[in-house]
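Have a look at the structure below before the remarks.
Chain IDs A, B and C follow the sequence of writing; residue 1 opens each chain.
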Amino acid sequence: MSTSEAREAILSRIRTALADVPGVPAAEDTPVPWTYGQPRVLDDVIDRFEDRVVDYRAGFERCSASDLPNRVVAALRAHGVTSTVLPAGLDAAVVDAVAGAGLAVSRDDPPLSRQQLDATGAVVTTCATAAAETGTIMMDHGPGQGRRALSLVPDVHLCIVRADQVATDVPEAVARIAGAVRDQRPITWISGGSATSDIELSRVEGVHGPRTLHVLLVEG
Amino acid sequence: MTITSPTTQGRPAAGAAGAGKTVALFSTCANDVMFPQAPMATTQLLERLGCRVVFPKKQTCCGQPLVNTGYYDETVPIVRNFAETFAEYDYVVAPSGSCVGAVRHQHQMLADHAGDAGLRRVVDGVVARTYDISEFLIDVLGVEDVGAYFPHVVTYHPTCHSMRVAHVGDRPMRLLQAVRGITIRDLPDADRCCGFGGTFSLKNPDVSVAMAADKARNVASTGAEYLVAGDNLCLLNISGVLRRQHSGILPIHIAEVLASTEEAS
Amino acid sequence: MSKATQVPVRRAGHTDLESTRRTPAPPAGDLIDSPRFPVQAKVELGNPVQRKNLHHAMTTIRAKRTKVAAELDNWEDLRLAGEAIKNRTLRHLDQYLVQLEESLTAAGTTVHWARDAQEANAIIVGLVNEALGDAEGDAREVVKVKSMATQEIDMNEALEEAGIAAWETDLAELIVQLGHDRPSHILVPAIHRNRSEVREIFLEEMGRYGRPAPEGLDTEPANLAGAARLHLREKFLRAKVAISGANFAVAETGTLVVVESEGNGRMCLTLAETLISVVGIEKVLPTVEDLEVFLQLLPRSSTGERMNPYTSLWTGPTAGDGPQTMHVVLIDNGRTKVLSDPKGREALRCIRCSACINVCPVYEKVGGHAYGSVYPGPIGSVLTPQLRGVTSPVDASLPYASTLCGACFDVCPVRIPLPDLLVHMRHKVVEGKKAKAEADGLKGLLHPHAEPAIMKATAQVLSSPKLWAAATAAGSLGGKALKGRVAKFGPLPWPLSKWTNARDVPIPPTESFRAWYARTHHEDGSLK
């Protein structure tokens, strides 16, 4: 068996199957009646974002930039966290506050093993953008966000979102994050904590991903 | 049943919305043989509203039972007969959302299947002029209050094909709401199928009965005297279970409700 | 076919193999050899626990979908866009696949092509063996993200035969796997099970394949999910190889997308060293921006959420983050056959959301096992007979497993005309029957297949005004003869007994409509 032989066979089958399709460019043959990247009209983007995040039973609080370090520490303490991983690129004031509060801090440098990560209580990250209508946080795992495993394995995820990062809805957010996709960055969309409805469609928050998601929205 | 006979029927409604209009009645094959009250009521109702109602005798069936079982070739002559029978009329009206839906949704496909461009042209014309009774009353005659009187508690089942193939929308309910004396109870899970599905009820009898039983339970829960719908075969299915359960709820076609008048009751 | 009334009994015939197997044995037999739909449907209907579970679950999920779809004022525009984008890619699939291959390759992913299940499984087994190297014993394993493509090709069993354990990590798939069962739904595969059954399965089986369920486990869904978290975490933390599907594959960039809820997908996609993604050729989308349409349509149609908890997008390996070796296996497995039918190809738009299944009144009564396919419900009834053909008894019966009520089309996010396709497939079944009758020649004439003969005779009457008029006259005699004697029919002989076993039928009227009209009207419509 040769995969290139299979390739040729499949492409040939497709061309035969599509004999009825006129030989014109795809966009001309099948127009798509949709305008991409349009914002949704919302009364208040941040209010909508809060409403949606809270609806997933995730934590949500607003704070000013200057108050952020203290609020991060308070939120970690509120969740009973004793150890954290703080990715490279995270605001130094936040890192200092967490370390200063006596919580164990790892900077994932050198990278933590899976087991070390599993033994870590919480991760604090920023994000790349967010979508208000769906309460979705989008990470491109750039500075302040860490590699993907960091925001997955620890049981508590504190995510810092700047107000100007919140787009109205998915189309606007996709437009903002498309560049990172084209740069071949991995992308993670997070809408609430991990959840399942696999047993009798009864929603349970917290399966394999962090069981607690807490959003800190920084205004001003 | 309170259908008036043609000789004693009520006066045409004020304004005689149908005056000058000739309607070709498509009784549907099932109504013709099994439920003549529905096309009778349709005839009397339309006449009361001033229409002239003709019954082209060449008519048979819309072909749906065969198409929906997969027999396309066999249905083409039925479609041809339908198209030829009704080609000359401005309005083809049937007391069945399902049969109207079949005409509207399947006849063109079958003309194409036959590769008959001439038939397709005739079908295009007939399809555009074929109406369920509720559509004809509201869209063509422009009436919601047809002068009916029906002092009973009813619940309405919007049959699947009326809703999703013919797309009659809320027209039947608007017509019912204008009936004097009527009490309409909401039917729980009204939009769920009753399980009839034509040959489905013979090919999958056990599932069909399980579905009909759900529908019958919901109908019974309303406490209505009558179950109203726009398709008699769905009514046959549901009322078959209701009868077996001695529920006392009677099936009635919406045309029969709309044809009922105070004078006749 | 599994049964849900009792908790998992190991299937006879698998007991001997059990000792050499790595993973729980699924029920014996191939799905395509399943009984005809009506036969298995009757069996499933006899399972009151399953019926209750399904009714509850489907009612809940339908209400959620209706609510979140109604929230978007441009929902119908989204459906039209979804339909058009999928049509565009399907109608030019060769171009988009070649583009996808180029993008994937440029991003550092190795692309493989497989014509059918056997070819796909051979490629996958080879890749897993290569990735595992000389690992032995328990280490010869992979963790899996829930994927319809891998179910369709029965990949787990192919790996099992190669001595590799494939662990399902989606909670429902885990319940199914540990329960020696088959999925009954594409989104919530264990929906035929209730919490008590899940508890029994976990207590009985988890310990045989890894970390046992906690002692004293109760039936609380949160605690059952907690048991799965602990059981699977040890597998995630040691996994070397993960296998996923993909909800979407972006041709422009070579980006794969996995939509999930639990985080098991992220665990697999992030923690493993090698990632193999099995992707149906119809999963391709032209551009990144097209995701804005589908990532609105899919979660709302599927779980009835505004957005699913986690969506992962990746474009080849990323240094220092996640698997460093990536493969994509593009599978045909019947899809080009579907594509060759200009009408039937509309089914390839399917994004596996399950909205049609959740709204189907037939599915709700019988569950997924009656369909003899990994794809149940309306989409299964049009897709399975196209992918596998209509020659097996179960495949020929599937297009008839619907009342054509049309609820499925209304909820389909990519506007697949499911009722029309069901009728289209019935036509194909009929054509098959006729061809067989013809091929049987004289034998066919002597033993005509009953249905075509009945339909032919019916059509002759219905296409002839004269014959029909005569028939209506004859039919109304029945009512006259019985007039005054009975009010209704009780049981009638076969095949009408199928009706009258559970329903009473009123006696026919004494006068047909046309007789009444002729008696009361002139031909021009004036009254007599």
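Throughout what follows, a contact is a pair of C-beta atoms (placed from the backbone, for glycine too) under 8 Å apart; a residue touches a chain by one contact, two chains touch by 3 or more.
Here the structure is a predicted model, which means the values were calculated and not measured.
The chains in contact with chain A and with chain B alike are C.
More C-beta pairs touch across one of A-C and B-C than the other; that pair is A-C. With centres computed from Cα atoms alone, the innermost chain of the structure is C.
With centres taken as mean Cα positions, chain B sits 53 Å from chain A.
Centres computed as Cα averages put chain A at a distance of 30 Å from chain C. Averaged C-alpha coordinates put the centre of chain B at 34 Å from the centre of chain C. Against chain C, the residues of chain A that register as touching in their complex are 1, 3-4, 6-7, 9-11, 13-18, 20-21, 26-27, 29-34, 36-37, 52, 55-56, 111, 114-115, 118, 131, 133-136, 141, 147-149, 152-153, 169-171, 174-175, 178, 181-182, 184-202, 204, 206-210. Residue ranges of chain B in contact with chain C, taken from their complex: 5-7, 22, 27, 29, 31-37, 39-40, 43, 47, 52-55, 57-61, 63, 65-72, 74-75, 77-78, 80-81, 85, 106, 160-161, 163-165, 191-193, 195-213, 236-237, 239-241, 243-244.
Remark: chain C residues 37-38, 41-42, 45, 361-362, 365-366, 397, 399-407, 409-410, 419, 423, 425-431, 451-452, 455-456, 458-459, 461-465, 468-469, 471-472, 475-476, 488, 495, 498-506, 508-509, 511-514, 516-517, 520-521, 523-528 touch chain B in the complex. Considering their complex, residues 53, 56-57, 60-61, 77-78, 80-81, 84-85, 87-89, 91-98, 101, 107, 112-115, 119, 122-123, 169-172, 175, 188-191, 193-195, 198, 221-222, 224-226, 228-229, 232-233, 236-237, 250, 253, 255, 261-264, 266-267, 269-271, 281, 286, 288-289, 291-293, 295-296, 299, 303, 305-316, 318, 320-322, 330, 332, 336-337, 339-340, 342, 345 of chain C touch chain A.
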